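Both complexes below contain subunit A, partnered by subunit B and then by subunit C.
On to the complex of A and B.
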């Protein structure tokens, strides 16, 4: 990941030290009185702010926001002559033929286009960097000086990664909604089953889709966090997470390996399209949530087992 | 400032036990829950096969909605039809390719020359004949039905409401509309081509045929299908054709409460996966909401007017034999070992009219000149055999064997290879 900024060593280092200090202060305050819930929230808040303020994170958001714009402009140009997208035979990303009828479908097209690789890749970067990046920059031990405890630190890290999943998905969705509303008409939404629902309900379904897409990333986020606790090199953790994602996606596309597909975390990712059926088809959606839950629990607890028992020397 | 972990190895192992335990519990749950939900033998009062068949015949479940899973594994992409039809009808003339499963070839409909829109139902229903599909069905009385093929990020819906038939394909955002002849709607409510694909219809047809052919019908315990208690009706070939038949058994799960068929399984003698498996995964006998059958073409959708003329209906029927055919379920069948004989029309220079038959997987036609490469390719697909009928080639699949002789006669049957050769020999004499 070339996005790793060179100033991380100095700038981030100072930042982390300040953060560790603030955590220590809250920690000291908490030690003198019964544990208040704000205590861990303060820790989490500093984590969130550090992660979301990084240039790297902002650059990722920027790239994610650009995808719907590109898709929208491409569809607009292709159909400006009155043609249809992909010859009208259903080629191209899902839902793309409906985009010209309703700008809201750009949300679904963009999510369908980014979900296989783009979105999870950014999650892999953030999750892989979460612990290993700190170790790499030599700031992990400063964080642990605070009497916050490793479990609490890991919890804050995991929550931050999950917050990133949600934010990244919303960035794509909001950018797509804005682009779609700007370039195409909006109005009644035609569901996959051919029934039309008012725009308001369409918007609600889009929100549900975004939430489900964000939830789809939980499994990968936990895997990334676990990998992050295994190594002291942030780059290695990111590369391993993203590499794993690509490998799993390839395995998931080989029909001969059909029997193991239901156990792979990306298998039901595109099930979010089932929200657009009438009535909503819940089978795969629930399977997806269950699978993400299992992956999340297994790998988050594995990360906890690893992180709370390893020697931290950097 | 290094943080050396104070934990002993034992505590470490204990902590790693947590993810392992979670994974274990998840694996056990994943294995147990579906097994518990859809297996076990519910307690139902004993019933004789005759009573069960009567119960099915009496059953008049008009209101039903649910999810149907269709799994078809015939071992070939497109299957010659039932033995009951005329020569032309046997092969349907459709271009069945291995890509049918993907549901992406709707654009091909132009090739068939009918000028049908991609939302026209014939092509779509053909796709159901191979691979695994999920359908959502709803029915309210004889003239309100809805069938939706659940595809990846797309859906194909067929809605019948009184005299109107609508089809909508979300992948291409096209619709297809047809007025059903009124008399037709009254006369044969179940022949709309959609009810045909529910376990209900498939099972009923099988039963009618079973009475005529030499078939043993028995009740084999109970099962749980889609959360409902059901009897299992088993049909097995018996009599003179049984030894040659490729069919091991047909199993129909019948709702113990209202006699509606819930599951239909056709098992080949070769073993392995069922050749045809049509089952409700969810079922509800309540009245579906009226809006289910309301269809208005969405704004911006291209609508094609179609007519379900005789030809189209023929094609639709041809979509069905892959599920119900094999010369077992047809009307005039009296023997499980039946073999159909077809004299292939000769077309200038070629042994086989390539519009009528295709040798899978690539639709390769047998050229009379027989290039060495084609010969080699054919060897990979078929076995050369000799007999009283001369020389021929046998194409073997799990359910059906076909023998094409040099003089252009085709023998097809749901019988084993030996049975087929025996029949061909007898015929040649």
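On to the complex of A and C.
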């Protein structure tokens, strides 16, 4: 191939000018496009759809939905001979002995059973993969030159992770409610303080519990998102987030470390049981919400500070 | 409206310009060293360099993905990375190969990327995605999951993403990588067509043939530095041609040519190659090739063919970087 060919040297003046002219027209067309601020939400919508339609997310939901079914069936089998569960109050997840009296208690049992590890682990997967997964696949650079905007992208990711926290909790709660209603009698709910409330109010309290459990996951979601901005490997970010969760849970269970427990994000997680008192005991519930708020604000800010100044080399 | 856009583009005919652009990574590695690049509006600009010469780092700095550690980069007149939100909707890019969501179909991949652009109208999204798919020849495979795509199809989808909106500038990093010859020709044709439509194309490629065929301007990088930039024609002119003689008497031809000042003579079977003396060199004016031919015939060397072999861009490239396509250390 020789350089003397006419088409190789297109630097001819007239042609150049013609190109510049039409480029200006293209430019005018591009710059004069009217833009609606609402279009900015398009990416959040895309992020939600992409995450929730993904097979992996659906599999996580499936596993979460299975837990109450297993607990319910196990309780049914064990008590079918007329015995009690776990031989008394000390064993098994909270409320498990009440399940046979009222199916609604399966909701509380299932949430108490999944909250320490199972539920937060799924959050760790989604939050850890949020940014690092995109970096790993290389799609992050294409989103950023689209341009998604770094703050906008991170906001959409955080919102989606929070939406996942809520949905995952609801999946457990709804599956537990359905299983409980199917296998056990439902009716008036006897609260922990001994008073009875109608089933309708019991349901409302169950909904409040679900909302509080979902809110309990905010801290971990923010931590996971921050870890996600530190690495280009989705797997590493997921593993780190879940590893951190396990470590913190272990530290939280060592009595000698009692002094630092109030600062650990899972410390007040099981406080949701206080919703089942009459009147509701708000102290620990509010402490939990406050702690989640602080963790959320600190680690979301850290994620933002990291992500907006990071060199995207993946 | 026209005045507004003119003011918006205070780029005096340059779509990409950098001054002293430098990137030193943590750990001290100098990836790009004081780069002064100027890409004229309307050009098809070939960006060349061996692997590891800093091309990709430069492209990433131009697109606001990496923050320069020194110097400035302007894209369509706006400084980067500050101007990202304002400028990038008018720029289509293919960076270091395509990257797709394997679990989404080709069409859904494009819909997502288009949704990421806050200036993209959702009402025309489906139509624009359809046109982009059509344009790169992927319409038939649009419903397939992207993980089932071949590299060539992924490359096409990446190009389609760059064409979702009317663009002023396309930054294409190795756009024909992984394509079969037919696909390469189609992409080259597409690039020319886009350029004729007035879009400036900034093309990085390892295939020098490709640069020669489609580019009007070119720049060469080596070890983080800009070695040269200019029009392709200028670059070719800078490279001296070689004399090529085919003869059944190579030994005799070498002797005669040597007497006339031809250097670097090599004889392979019946082909004799040599370098003409440098103009204004110590021997004065270089000999006219016609005189050389006459001299050969006078010495009774039988000449089958006689001519100048024009330097290819590859020769220029190798002479500039001195290392062909080896990875820079």
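To be clear about the criterion, the second predicted complex is superposed on the first by the 275 of 314 C-alpha atoms of A that agree within 3 Å, B and C clash if a C-alpha of one lies under 4 Å from a C-alpha of the other, contacts with A are read in each partner's own complex, and residues count from 1 in each chain.
To be clear about the criterion, a contact is a pair of C-beta atoms (placed from the backbone, for glycine too) under 8 Å apart; a residue touches a chain by one contact, two chains touch by 3 or more.
A quick note: this is a predicted structure, and the numbers were derived from the prediction, not measured.
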| item | value |
| --- | --- |
| First (subunit B), second (subunit C), both or neither touched by A:277 | first |
| Touching partner for A:55 - first (subunit B), second (subunit C), both, neither | second |
| Partner chain in contact with A:141 - subunit B first, subunit C second, else both or neither | both |
| Which of subunit B and subunit C A:101 touches, first, second, both or neither | first |
| Touched partner set for A:149, first subunit B, second subunit C, both or neither | second |
| Which superposed partner A:188 touches (first subunit B, second subunit C, both, neither) | first |
| Touching partner for A:309 - first (subunit B), second (subunit C), both, neither | both |
| Touched partner set for A:157, first subunit B, second subunit C, both or neither | neither |
| Subunit A residues contacted in one complex by subunit B, in the other by subunit C | 141-142, 144-145, 309, 311-313 |
| Complex contact set, residues of subunit B against subunit A | 1-5, 7, 11-12, 15-19, 22-23, 26, 67, 104, 106-107, 118, 136, 148, 150, 152-155, 157, 159, 166, 168-175, 281, 291, 294-302 |
| Subunit A - residues contacting subunit B, complex | 87-91, 94-95, 97-98, 100-101, 112, 141-142, 144-145, 187-188, 190, 192-196, 270, 273-274, 277, 281, 283, 294, 297-299, 301-302, 304-306, 308-314 |
| Subunit C contact footprint on subunit A (complex, rising order) | 1-4, 7-11, 16, 18-33, 35-36, 39-40, 42-43, 45-46, 50, 54-55, 137-139, 141-149, 152-153, 309, 311-313 |
| Residues of subunit C touching subunit A in the complex | 1-2, 4-5, 8-9, 13, 25, 40-44, 60, 63-67, 76, 84-85, 88-91, 93, 95-97, 99-104, 111-122, 158, 161, 165-168, 195-200, 209, 212-213, 215-217, 231-233, 235-236, 239, 310-313 |
